[in-house]
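The data blocks that follow each hold one structure.
In the two complexes that follow, chain A is the common piece, with chain B as its partner first and chain C second.
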Partner chain A sequence: MTLWRYALRRLLQGIVTVWFIATATFLAMHAVPGDPLMSDKAVTPEIRANLEAKYGLDQPLHRQYLIYISNLARGDFGISFTQKNREVNDIIREHFPVSATLGILAIVIAGMGGVVWGALTALYRNRLPDTAIMFLVILAISVPGFVIAALGQLAIVGLNRVTGIPLLPVAGWGSVSHMLIPALVLGLGTMAYLTRLMRSSMLEVIATDYIRTARAKGIPATRIFTHHALRNAVLPVITVLGPAIAGITTGGFVVELVFAIPGLGRYFVQAVQQLDYTVIMGTTVFYGAFLVFMVIVVDLLYGIVDPRVRLE
Partner chain B sequence: MTSSGTSLDRAALKQIGLLGAGAIAAIAGLMYLLAWAADSTGTGSAVKPAVDPTGRTITLLLREEPPQLNTTLATDQVSSFVLGHVMQGLLRYDIDGRLEAGIAERWTITETGATFYLRADARWSNGSPITAHDFVFAWRTAVDPASASQYAFILFPIRHAEAINSGARAVTELGVRAADDLTLEVDFERPIAHFEKLVAYTTYYPVNEAFYRSTNGRYGADYDTLLYSGPFMLTRWVHGAQLRMEKNPHYWDRESVRLDVIDFPYLTEDPSTQVNLFKDGRIAMTGLSEQSLEEALKQRWHINRFMDGSVFYTEFNHRPDRVTRNRNLRLAIAHALDADELVNKVIKIPGFLTGRSLFPSWLQGVDRTLREEYPVPQRTPDTAQARAYLALALDELGLDQLPPLMLLTGDTPLSARQAEYYQARLKSELNVDIRIDKQTFKQRLAKMTSGDFDLVAAGWGPDFNDPLTFGDLFASWNLNNRGRYANPELDRQVRIAQASLDPAERMAAFGAIQQIIHDDVVIFPEFERGLVYVLHPALKGVVRRAVGADPDLTRAYIEEG
Partner chain C sequence: MPSPHMTLSADDLAPLPRTEAANTLVRPSLSYWEDAWRRLRSNPRAIVSLGIVVSLLLFALVGPLVWRVDPAQQDVDQISQPPGADRSATVAAPLAPWRPDGRAPDAPVLALDGAATTQAVRLVWGPLPGAERYRVYRNLYPAERGQAFGMPLAELSGQEVRAFEDRLDLRPQTWHYTVVGLDARGNALPDFVTLPVTLARVITAADAVARGMADREQDLPPGTVVKFALHPLGTDYLGRDLLARLMHGAQVSLFIGLCAPLLYILIGVVYGSLAGFVGGRVDQLLMRIADFVVALPFLLFMILFKIAFGIGPGESGIMPMLVALVLLSWPASSRLVRGQILQMREEGYVGAARLLGASSPYLIARHMLPNTLGVIIVTLTFAVPSAIFTEAFLSFIGMGVAPPTPSWGSMCNEGIKSMLEHPHEIIFPALFISVTVLAFNLLGDGLRDALDARMRSRE
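Coming up: the complex of A and B.
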C-alpha cells in the first residue's frame, strides 16, 4: 500500500517537473532571436503574414503558451515547422523506438559488462588484470563520446578492409549488424563507470563479517559468491541506473549522428538548429517526461531489490 | 592468501565466466529480438555495394532528408535535388546548363505573355496525361495565401499573382489558363525578359489536382502521396532513414534514363561518416570537407571539383545610424583587406575562386560570359590609401576614433577563420577594432533583418540561370538587401534589366549595376565557392550544376568492365 502511495506521489511530482520543463523551454525558445519562419531568402510582409497565421505565431505570446499547454495536456504536440506536413507525435512515434532500441541495448551491455568487469577486477585486486582493466576504464570515462564513436566507425572500416568482406556496416540501421558497434560505443562510458562502482562495492562486501561467517559455516564458495557477495554488491549499480539512462539518452544524439541512425536524437538536435518550435517542444517535453519516469521506476525497483530501503 | 580465499577466488572466477557468457548470450538474444521488432517497423537497410551494374543501381547518401516534397512549398536544396529527379516542369536544363524542352515541346514569349505547347506523350507516374490544367492548378496553389508558400514571389511576374498572394484578388484571377489540354497561356504583370528561365524552377512544376485533393493535405509528405512527372519516382521513403528512386516507366524521355534505381539508405551530415562510407565502398559519391580532403589525398582518390554557383561577400550596413554608411570608411576597409590572401592563405580550400564582383564568373552575357563582356574593376590592397580614406571618413563622421565595428558571422569553423582574419587585418592596417558576433544560421538571419550589425558575412546562390538572380539584390525594394543600400541609379538599372527584352541592353544594365556596387563599395566580394567531391570510377555522366537540381543524375550511367 505504501508503495502505491509513494509511486502516486512521485508521479504527481513528475508531472509538475514536466510542466516546468515545458514552460522553461517555451520561454527560452522564444527568447532566442529569430524564429522558425526565417529563411535565407526574405519573404514579403504578405507571405510572412500568411505563414504566421498558418502556424499561430500571429497570436500574442501568452495566448500561444496557453494554446500550447492545453494541446500538450491532450497529448498533441502540433505540426513540425520544417517538415510541413508531419505531426510531431508521428516523429516521436516513428523515431523514439529506434533510439530506445539503441538505448536498451547500450544499458544492458553497460550493466552486464559493468558487473562482470567489476567483479573480475575486485577478485584480482592489485594484480595485472585489475590494473589493465582499470586503465581501460579510466580511458573510457575520460574520452568524449564523439571521439569513441568516430574511432568505432574507423575500426569497422579497418576491419572490413583487412578481411576484404563487408563484415559490419559503417552506418545505417535495420539489422543486428547495424546495432552492435553503435550500442557498444554508446554503452562504453556507462559500462566503465559501473565497473568502477561494482569493483569498490564488491571489495567492500567481500570484507564484511557476514561473508566471513558464511565461509566459516562451510557454505560452498560458489553459493557465497552468487548469493552473498554478488547480490549485495550489485545494489549500488542499480541506484545509478536512473542517471545512467539519462546519460545514454543524451549520448545517443552523437552516436545517431555518426552512425546515421534514424533515432529521435537527431531530430532533437536539428530542431534546435532550425528553431523548429513544435519539434523542440515535443522532443524536450517527451525526453523530460521519459527521464522523470525512468528515475521513478529505478527508485521503485531499488525498493523491491533491497527490502531494507524504505520508500518515503 | 588462505586456502579458503583461493577456493572463493576460483569459484568466483568460474561464476564470473558463466555470468559473462550468459551476458553475451543475453545481449545477442536481445539484439535479434530488437532487430526483429525494428524490421517490422520497416527501417531495414541492407548492406549493398556502391554500384551494381546488373541491377543498374547506385547507392548514395543524402545530407538530410527533404522536409517534404510538395513542389509549391519546397525551398531548400535537398528538396530541390530530389524533386529535380522525380519531377519535371515545362523546361529543363541540358548537360551544359542551357534550357531545353521539358514537358513543353515548344514555347513563345512576347512582351505581354507566353504560350507553352505541351508534348502529347507526357505522362504522370500513374499513366494519366500531364495537361495544361496541372500547371494552372499548381501555380494557383502556390500563390494562394492559404498555402503560405515562401517562394510564392517567384510567380509574381504572372498577372495578379502578387495581389492574389496578399489577399486582394481571388486565386482564379491568376493570369494563367489552359486554352486546351496541351496549350498553356500566361499573361505577365509587366514585361519580363527572363520568364523562360523561371519556369524551370521547382515552384513552377505541375501538380495533378485530382491527386492532390485525394491526399487530404498530405501531398508530398510520403512517397505514395505524390505523382511524379520526372525521370524517376520515389518508391520508398522511411523518414529519417532512407529514400529510394526508381526509373519512372511513364516518363516521356525514358530512353535517356540509364539507371534503374538510385538508393539512399544513409542520411548523414557528418563529414567523417560520409567519407568512411565511401572508403568502405558503400556509396558511389560524396562531397569532401576540409578534413576529409586530407583522407582523400592519402587514399589517392581522383578528386573532382566544381563551382556551386554561389558568391560570398561581406555586406556593409548602410542604415543611417551606422558608421558603415560612410563611403570613405567602406573604401578604407576595402583597401585594407585582401581577398586573394583571404582565399589562398586563410580559407585554403581547393576550388574556391577569389571574389571580384557580385556577379559570379559563370553567368552568361550576350555572347560570352557577363564578366568577359563587362570586366570587373580591380581594387588592390593599399595600406596608405586605406589610411587616407579612414582619415577622411573620421572627418566626415566627426569622430576622433572609430568605435569597434560589429562583424556578424556564422558558427562554422570557416566563418570563424574568416572573421579572425578581418579582425587581425583591420587592426594591423587601420587600427580598427572588430567585435565578432557569432550566431547560428537563423539567429544571424534575424539580426541581419533587424540591422543589428556593421558588417555581416553573407552569400547568395542563384535560383535561375540569369544575371538577374544576383542583379536585383541591392535594389532598394529588395527584402534580401539586408544592409538597406539605396541608390536610385542602381534601382533604375535593375528596372531595365527586369523589363527589357533586348539582351544587349540588359547586359549593359548588369554592367552598370556591377560598376555601382564596386564604386560605392556596397559589398566586399570574398569568394565564389568551389566544392570538391569523389566519385566511384564506374559512375559516369554525373552533371554538377550551379542552377537546378545538383548533382544531376538523370543522365548518369554505370560503365561496364
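Coming up: the complex of A and C.
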C-alpha cells in the first residue's frame, strides 16, 4: 500500500525532525547565561556539588546530551527544577488534556465557522453580507490574540452585569461554560484566516467547468452548492489545518493566561518566567513533537480525503 | 448580448486614411513601477493605509521631538488617570493638627469635620447603640448590610473616641466611609453609619513650587487653582505618561516590525537565489537546512532563543528579539525566492541574455531579482504585521523587551491587569497594534494587486 509506505516515511522524517528540535532545544538551553542552580539555595560548594551530580550537571556537555537524548527516547522529560519531586511527565499528563480540550474546541469552532462564513461570502460576493463579513475578518486578523481575549473577558463581565446573574464564569476551568468563550476567542483568529481562504477557494470552484456542467444538467442550486462546490472548496482548508493547529497551540498560551485556565500553555509561560529549565525543555520538545505529528496527520488526511492528491 | 456592432454597413469596412498619428502610441509607455504606482493610487484602501503607515512612522520618529516627556518618569500625583481627567488643584495651607474633642455629634450619624480634601478626611460620628468602640472602613462602593465594608482603616479604643482622620493615600475621587460599632469582645454590631465623601484635590504652596507650577510660594495664596502636568492620553499604573510611552513603544514595535523582516528577507533573497541559481547538490543541501529551521515551532523557539540570549542589566532586549526573529524566519522567503528563480531560469529572456554573454551575477542582479522584487515587496509588507504580532505576544507574556523600555505589547500586558478600572491603559496600545497591523495588511493587499499580476486577488 502506497499510503502506508508514505505514512511510514513521513513518520521517520518526523522523528528526525523531533530529534533536531530536541537537540536545538538542548543547545539553546545550555547557551543560557548562568545555570539552573543559581537561584537555588545551593550556598555551600558541597550542596552545590551534590545537586549538580543529582541533575548530571557535573558531566561534560556531550555526556549530558547523551543522557538527555536517551531519557527523551524513553519518554522521560526529567524533574522540575522549581517544583521539587514533580516530574515534567506528570505536569504534561496533568495539564495537556486541558489545553487539548480547549484547542480541539477552538479548532472545531474555527473550522466550521471558517467554512460557513467563507462559503457565505463567496455566494454573496461583493454584496452586503460579503462586505460585512470580510470587514470583520480583516478586523479579527489585525487584532492581537490577547486583546481578543481581554475583549472576551469584558464581554462576559458585561453579559453577567446585564442579565444580573453570573451566566458565564469570567475565568477558571471545570465545566462547559468555562470553555465556551475561551475557545471562541482562541479560534477567532484562525476562523478569520480560514474564512478568507474558503472564500477564495469557493470563488475558484464556482468558476470551474464541472459546476457549469452541473448547472447545465439542471441540478438544483442547493445540491450543486452542497455536493459539488462545497466539497471541493473545503480541500484547501484542510491543507492549512496543520499550521492552524500550531497557531491555536501557541495562541492557547495567551488565552490560558488571561482566563486563568490550568493548561500546559499557561504552565509553560510560568516555567519560562521562572526559568524552570527542565520544564521548558520538556514542554518545548513535547509541543514540537506534537506539532510535527499533527502536520503529518493532516497531510495523510488530505491524501485520504482528496484522491486526486498523489502522496509522494 | 446584442451589440450595436452586430450590423455592419459597407462604410464600416472602408479603410481608414493613413496618418502619422496611427503609428505613434497615444499613451506614454509606463514602466513596471509607474504602472504599479498607478494601480496602487486607484486603490483607496491601500492609499489610506499608506497614509496611516507614514503617520505612524512620524508618530514614532517626530513625536518624541514634539512631546518631550520622559516615558519612564512617574507622576505620582496622577496615577492611572484617564485622558481628559480633571487636573486642577486648589492651593491650601499646610495641614494643621486636628483637635476633635467635643466635635462629635450626639445623633447616630457620620459627618465630616471641615472639607474633605486630598490632605485629610476628618470624620466624626455620634454614639451607636451598644458600641464599646468603633471600626472605620473605606470602600469604593456604597455600604450595604451583609456586604463587606471595604478596607478597615482603624479600630478606635474607647466609647468616647468618635473621630477619625484619614490621611492614607488619598485621591480625588468618591469614597464611602463606614463606621461600625463593636461590642466589648470586638464583634461587629449590626448598626453602622455610612457617608459618601468626594475628595477635593488640594496642594500646598510649597508642593506646587516643588512641582514647578509657580516660581515663588508668595504667588500662590490659598484658594488659587493650579494645574497638574498635562497627560493627553492619561497615565499608567505608575503615573507614566501614556502618550510618551506610546511614542517610544512605537519606536520599539516598528523598529522590530520593519527591521526584522527587512533583514530576514534580505538573507532569504541571497540564500534562495544562490540555491535556485546554482541548483543541484548545493540547492538540495541548502534547502534541507532551511527545512529543518522551518520545522522548529516558531513561537516556542522565539521564547527559547530569548531565554538563551538573555537580557543583561540595563539592556532593553530589543536586539536579542531581532536576532531571534531573523534566525527563525528567513527560510520562508528563501524558499519563495528560490522557487521564483527556478521558474525564471527556464524563461526565454534569461536564455537570450545568456546567449548574449551575460554572466551569472549579472543575470541574477539585472534580470532575476528585479523580476522577483514585486513578490519580495509584497512578502515584506505581509511580514511586518506578523513581526509586530510576535513582538507583542512575547512582550505580553513577559518575554519581550525589558522594563522600563515600553513596547505596545508590554503596555498591553500592564494594562490588562487593571482593565476594568482603567480601560484606557490597555485600549490605547491595543488600538495602536491593531491599526498598525490593519494598515500593513491592507497595504499588502493593495501592493499585491498592484505589483504582481499572478497573485492578483479576484475581487
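The rule is short, and it goes like this: the second predicted complex is superposed on the first by the 309 of 312 C-alpha atoms of A that agree within 3 Å, B and C clash if a C-alpha of one lies under 4 Å from a C-alpha of the other, contacts with A are read in each partner's own complex, and residues count from 1 in each chain.
Rule of thumb we're sticking to: a contact is a pair of C-beta atoms (placed from the backbone, for glycine too) under 8 Å apart; a residue touches a chain by one contact, two chains touch by 3 or more.
Because the structure is a prediction, the values reported are computed rather than measured.
Per the definitions stated earlier, placing chain B and chain C onto a shared chain A by superposition produces a clash between them. Of the two partner chains placed by the overlay, chain B and chain C both lie in contact with A:Leu257. Applying the stated contact rule after C-alpha superposition, one finds that A:Phe96 touches neither chain B nor chain C. In the superposition on chain A, contact is made by A:Leu203 with chain C only, not with chain B. Touched residues of chain A were counted for both chain B and chain C, and B has more of them.
By the touch criterion stated above, A:Val32 is placed in contact with chain B and with chain C alike.
Once the two complexes are overlaid on the shared chain, A:Ala150 sits against chain B and chain C alike. Of the two partner chains, neither chain B nor chain C is touched by A:Tyr68.
When the two complexes are overlaid on their common chain A, residue A:Leu275 makes contact with chain B and with chain C alike.
Residue contacts after overlaying the shared chain place A:Phe77 against neither chain B nor chain C. Counting contacts as defined above, chain A residues 32-34, 150, 153-154, 157, 257-258, 273, 275 meet chain B in one complex and chain C in the other. Here chain A touches chain C in the complex through residues 17, 20-21, 24-25, 28-29, 31-34, 126, 138-139, 141-147, 150, 153-154, 157, 200, 203-204, 246, 250, 253-254, 257-258, 269, 272-273, 275, 280, 284, 287-288, 291-292, going by the rule given at the top. Within the complex, the chain C residues that touch chain A are 292, 295-301, 303-305, 307-310, 385, 389, 392-393, 396-399, 409, 412-413, 416, 419-420, 426, 430, 433-435, 437-438, 441-442, 457-459. The residues of chain B lying in touch with chain A in their complex are 4, 7-16, 19-20, 23, 26-27, 30-32, 34-35, 37-39, 41, 43-47, 61, 64, 67-68, 70, 73, 75, 145-153, 162, 165-167, 217-221, 238-241, 265-270, 272-273, 276-277, 279-282, 439-443, 445-447, 449-450, 478-480, 482. Taken in their complex, chain A has these residues touching chain B: 32-36, 38-44, 46-47, 50-51, 53-54, 80, 82-86, 91, 94-95, 97-98, 101, 104-105, 108-109, 112-113, 115-116, 119-120, 123, 150, 153-154, 156-157, 160-161, 166, 169-180, 183, 215, 220-222, 224-226, 229-230, 257-260, 262-263, 266-267, 270, 273-275.
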